[in-house]
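Next come two complexes, and both contain subunit A; in the first it sits with subunit B, in the second with subunit C.
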Partner chain A sequence: MTTNRTELLTLFHKMATEIAEKEFPPFTEQTVISDLGIDSLAMLELVGAMERHFEIRIPDEQLVGITTVNDLLAVVEKGIAAARA
Partner chain B sequence: MGSTQDQVEVSYDVGNEFFRLWLDERMNYTSAVYLHPNETLEQAQLNKLRILSEYAHVQPGCSVIDIGCGWGANLEFMSLERKVGRAHGITLSTEQWTEITRRKIPNVTAEVRDYKEFKPAEKFDAATCICMMEHIASPEEARSGKHIDLYRDFFRRVHSWTKPGAYFGLQTILRNRMPRNKKDIEDIGHATYVIFPGGITERMEDIVIAVNPYWEVMEMKTRREDYGRTTGEWLKRLRDHKTEILAKWGQKVFDDYDRYLSTCVNAFDKHYQSLAQWSLRRID
Partner chain C sequence: MSLSSESAHPHAASRGADASEFERESRVLFGDEVPPTLVHALRRLRDFRHRGFYFINQEGKERFCSFGEMHDEAGRRGRILRDLGLAKGDRVAIVVPEGDEFVLSFMGALYAGVIPVPIYPRLTLRNLEAYVETVGHIADASGARVVVTSPNARQYVEGAVGKSKLEALVTTEQLCPHPGPHPAGGDTIVPIDEHISPDDICFLQFTSGSTARPKGVRVLHRNLATNCGLFMLDGLRRRESWDKGVSWLPLFHDMGLIGFVMGPLFTNIESVFLPTSSFARGPRIWLETIHRHRGTITYAPNFAYALAVKRLRDRDLVGLDLSSLRISGCGAEPIQAGVLREFAKRLEPVGFKSSTLLPSYGMAEATLAITFIGHDEEPSADRVVAEDMGRRIATPATAETPEGKVAEIVSCGRPFRDHELRIVDDEGNVLGERRVGQIITRGPSIADGYFDNPAATAESFRADGWLYTGDLGYVADGNLYVCGRVKDMIIVRGRNFYPQDIEWLVGEMPSVRRGNVIAFAVSLGDTEGVVVCAEAAMSDEAALVPAIVSRVTDEVGIAPHDVAIVPLGTLPKTSSGKPQRRKTKQMYEDGTLRRIVEDAKSARAVPQPDGV
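Right after this comes the complex of A and B.
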């Protein structure tokens, strides 16, 4: 199962493209998610896609305050680590 | 500040005859409790009222304040079945107050009053509140973290209206988990902003935090599946009266309530929402 940061970023890009139904310019972990045109509703869809892909459950309270791509990937990584513990 | 009077009237003043078509005969607009598989909605609503009276330790001859009393189903139950000496209800809906007054229930009084402005002349032996807390904080207040202070202020006020040793029977909808798909998020948004503007359901942990230092949680029972079944029955009855509703209230009202009740059935099924009944005892 893919878990390293580079591959996670690629997965984020692929899923965001599918959900938003548009192509994104190159972005980094420091990119603010809303700057990509991903609103809070689309971000929840993105979280759901990540949960299904990795078969994890992310608690809602961890979603509060997510601003950057890095914030979201860190929460996903935490979920993966918890599932493997 | 939660729901304003105008917003409450959007939610409850569509018309008493409208709600009478799809609620039970006593017009309970809150979850019933199904204790047996074959019970009717009417029987299940009586179960709910009895449980909350027991949680509030409602005794014959006592006085009870019912906060957010709806169309008076709980007031009527406490008067006729529990033989209370006095049951007083407060609501922000003039249509609901009109219905309670029309019923002329013995030992029951009611007034259109915001709980923040309610100042009773005498203290009550017990308190009940069935799914009114959803109107205390707005979605914006919950997002900005003001909701717990608002809930705590509510519990402080109820504490001040009651006598030492009083119990409080409380029923609340619970916000459990946000949906992860667009349709379900939009449907919950419709229920939140179109059907119940100004309000939001609570998280269980918020209530546990907010009752302190005024009330002790003595019992708590979740009833997610009961609310799913209740809203399913409401949806069936709404659709059974589709022709009449379309003729009297129009397509938009029917569509809004069909979507709202369908959303509820889905939300309870998928654990987005749940229900809790609480028995609280005053900390004196």
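Right after this comes the complex of A and C.
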């Protein structure tokens, strides 16, 4: 399964909408996640949903420095790459 | 596998001084002896090599750590802490996200008579500078000069060393020179064997992580022996031979630490620990662990029961059997009857019984537990006339009361033996049944005050022994009903936040009119949300909303539920210029608060999509 950035961003949007139970305004990879009203718990729920979707694992340590949507997608990609290796 | 409850306790009797103290100080409850300190408690269990704690890490791997191994390891870690120059009564900060390493380091400090100060690890999305500052504030308030951390947490803890009273950092690896199973006889470290008395401080429980001047509750060993003995034996009627706790609660917080580490150690019960983050990623693991371990006791704040109901799919329940569970406690934040009902209904098909739900009330200042409902009682709620609550009267609703005007308040049960509970008005007069006032309590579980903070201590811990809880409640038919707070504290998912911190933070932002910010909590059904109202000094209000959301989320760790930008001079103030939070909240709720930006959520200035 190949997943490109656009698909990942779409998936992020879909999952975040489900978890936060609200419509988000349009956002980009540079958007700061906390600007979307997503807090630590919602963030972990989102990570959990990503992990189940891709059957990957993202360690807590990798989540600590995340600020933007891009940061999160990068650790998801890293997880996907690690699972394939 | 486990030793039966009939087998003789491996006692502390072999230690001369401790033996007599054990006899003198231990309390007998329901025919069980409760050791006088947590150190005596673990020493008493040291011959148990097949009973202990199970720590599940974030990869799902399980480590069994017997009580015997914990005793040995605590002695060795205590010795190393001493060798690092820590003396009895010194404080040591502990920032360790891994459950096993946290508990072993914590117990190691206790064995050396060093006072542990647990600090929460950095959460994702939380800004590093703000986190480091918080660690520094807690270190300064506790006077800790050394911080114990794990290799994983080190990167974000070390910034506080040198910028606060913290002078040195020790990793859990340095405290554990023999990782993995310890080779028999290969130990060159002489375990520490310090005398600990019931009047010694066991640990400092910091109750709010975000204030510039955080308060650390001085919890004495005797407070813990009393409270743990009461909630485990009297409250939960623990059965040594088959009870087993299952918890994902954070260990730097009283409910997880006292409820599942200390209570079980005082009363010889096994516990299973899951990382909090694993629960947050998907609540199934909580239930799956109860199922797999045949767990009998679990506990969670209201929000977690709501989250489980919301997230669990039918397929998540396939194959689960929760019939082993006999206590599902609920505490640390306001409890919603509807949430408990939904949880019980959702999980009934997998053997969950609603009679296991145990609403309770407590706080760190009272060690942990203040009131419990009976261990075999069905949870119950009082239906009262909502509008009378504003007049501080809990009038029972009748069949004629319209459903929309009924408030449902969950019974938190009764105080423990040797403890008193009263409801008082603002002048301290004792109120009768169904009159709403501040909850005050007195008894041997009440902690020793706030560390190095006489002003805050005098305010809550009164000279006559009464603890003023700051919570509002009433008593009916002997049961306590908690219905609000005297102070404006905001509680989100069991964590306490002071509105002043958020107001100060937002008030410092460039376009906000300094000092003209009000923060308060609103009920969101399953937890509370923070609303920030700010007067803006400039005309770029639309850009301010996301900036405030971002700042509060980064530095406090919670995303505001709503941000209202209001015209200059419109927030209500007292004649002395103090913000009127309750008035603002009322205006917000009845729609009379004038807002510049009508819908904060749709007004965020975010760039156009690329790809979404």
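Here is the rule we go by: the second predicted complex is superposed on the first by the 83 of 85 C-alpha atoms of A that agree within 3 Å, B and C clash if a C-alpha of one lies under 4 Å from a C-alpha of the other, contacts with A are read in each partner's own complex, and residues count from 1 in each chain.
By definition in this document, contacts are C-beta pairs under 8 Å (C-beta built on N, C-alpha and C of every residue); 3 or more make two chains touch, one makes a residue touch a chain.
The structure displayed is predicted, hence computed values, not measured ones.
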With the two structures laid over each other on chain A, which partner does A:25 touch: subunit B (first), subunit C (second), both, or neither? second
Tell me the contact category for A:47 with respect to subunit B and subunit C: first, second, both or neither. both
Can A:37 be said to touch subunit B (first), subunit C (second), both, or neither? second
Once chain A of both complexes is superposed, is A:63 in touch with subunit B (first), subunit C (second), both, or neither? both
Which touches a greater number of subunit A residues, subunit B or subunit C? C
Looking at subunit A, which of its residues have contacts with both subunit B and subunit C? 41-42, 44-45, 47-49, 51, 60, 63
Can you name the residues of subunit C that touch subunit A in the complex? 58-59, 97, 122-126, 128, 152, 155-156, 275, 277, 280-282, 311, 493, 546, 549-550, 553-554, 557-560, 601-602, 604, 606-612
Complex contact set, residues of subunit A against subunit B: 41-42, 44-45, 47-49, 51, 60, 63
Subunit A-touching residues of subunit B, taken from the complex the two chains share: 177-182, 185-186
Show me the residue ranges of subunit A that touch subunit C in the complex, using the header's touch definition. 5-6, 9-10, 13, 22-23, 25-35, 37-45, 47-49, 51-52, 57, 59-61, 63-67
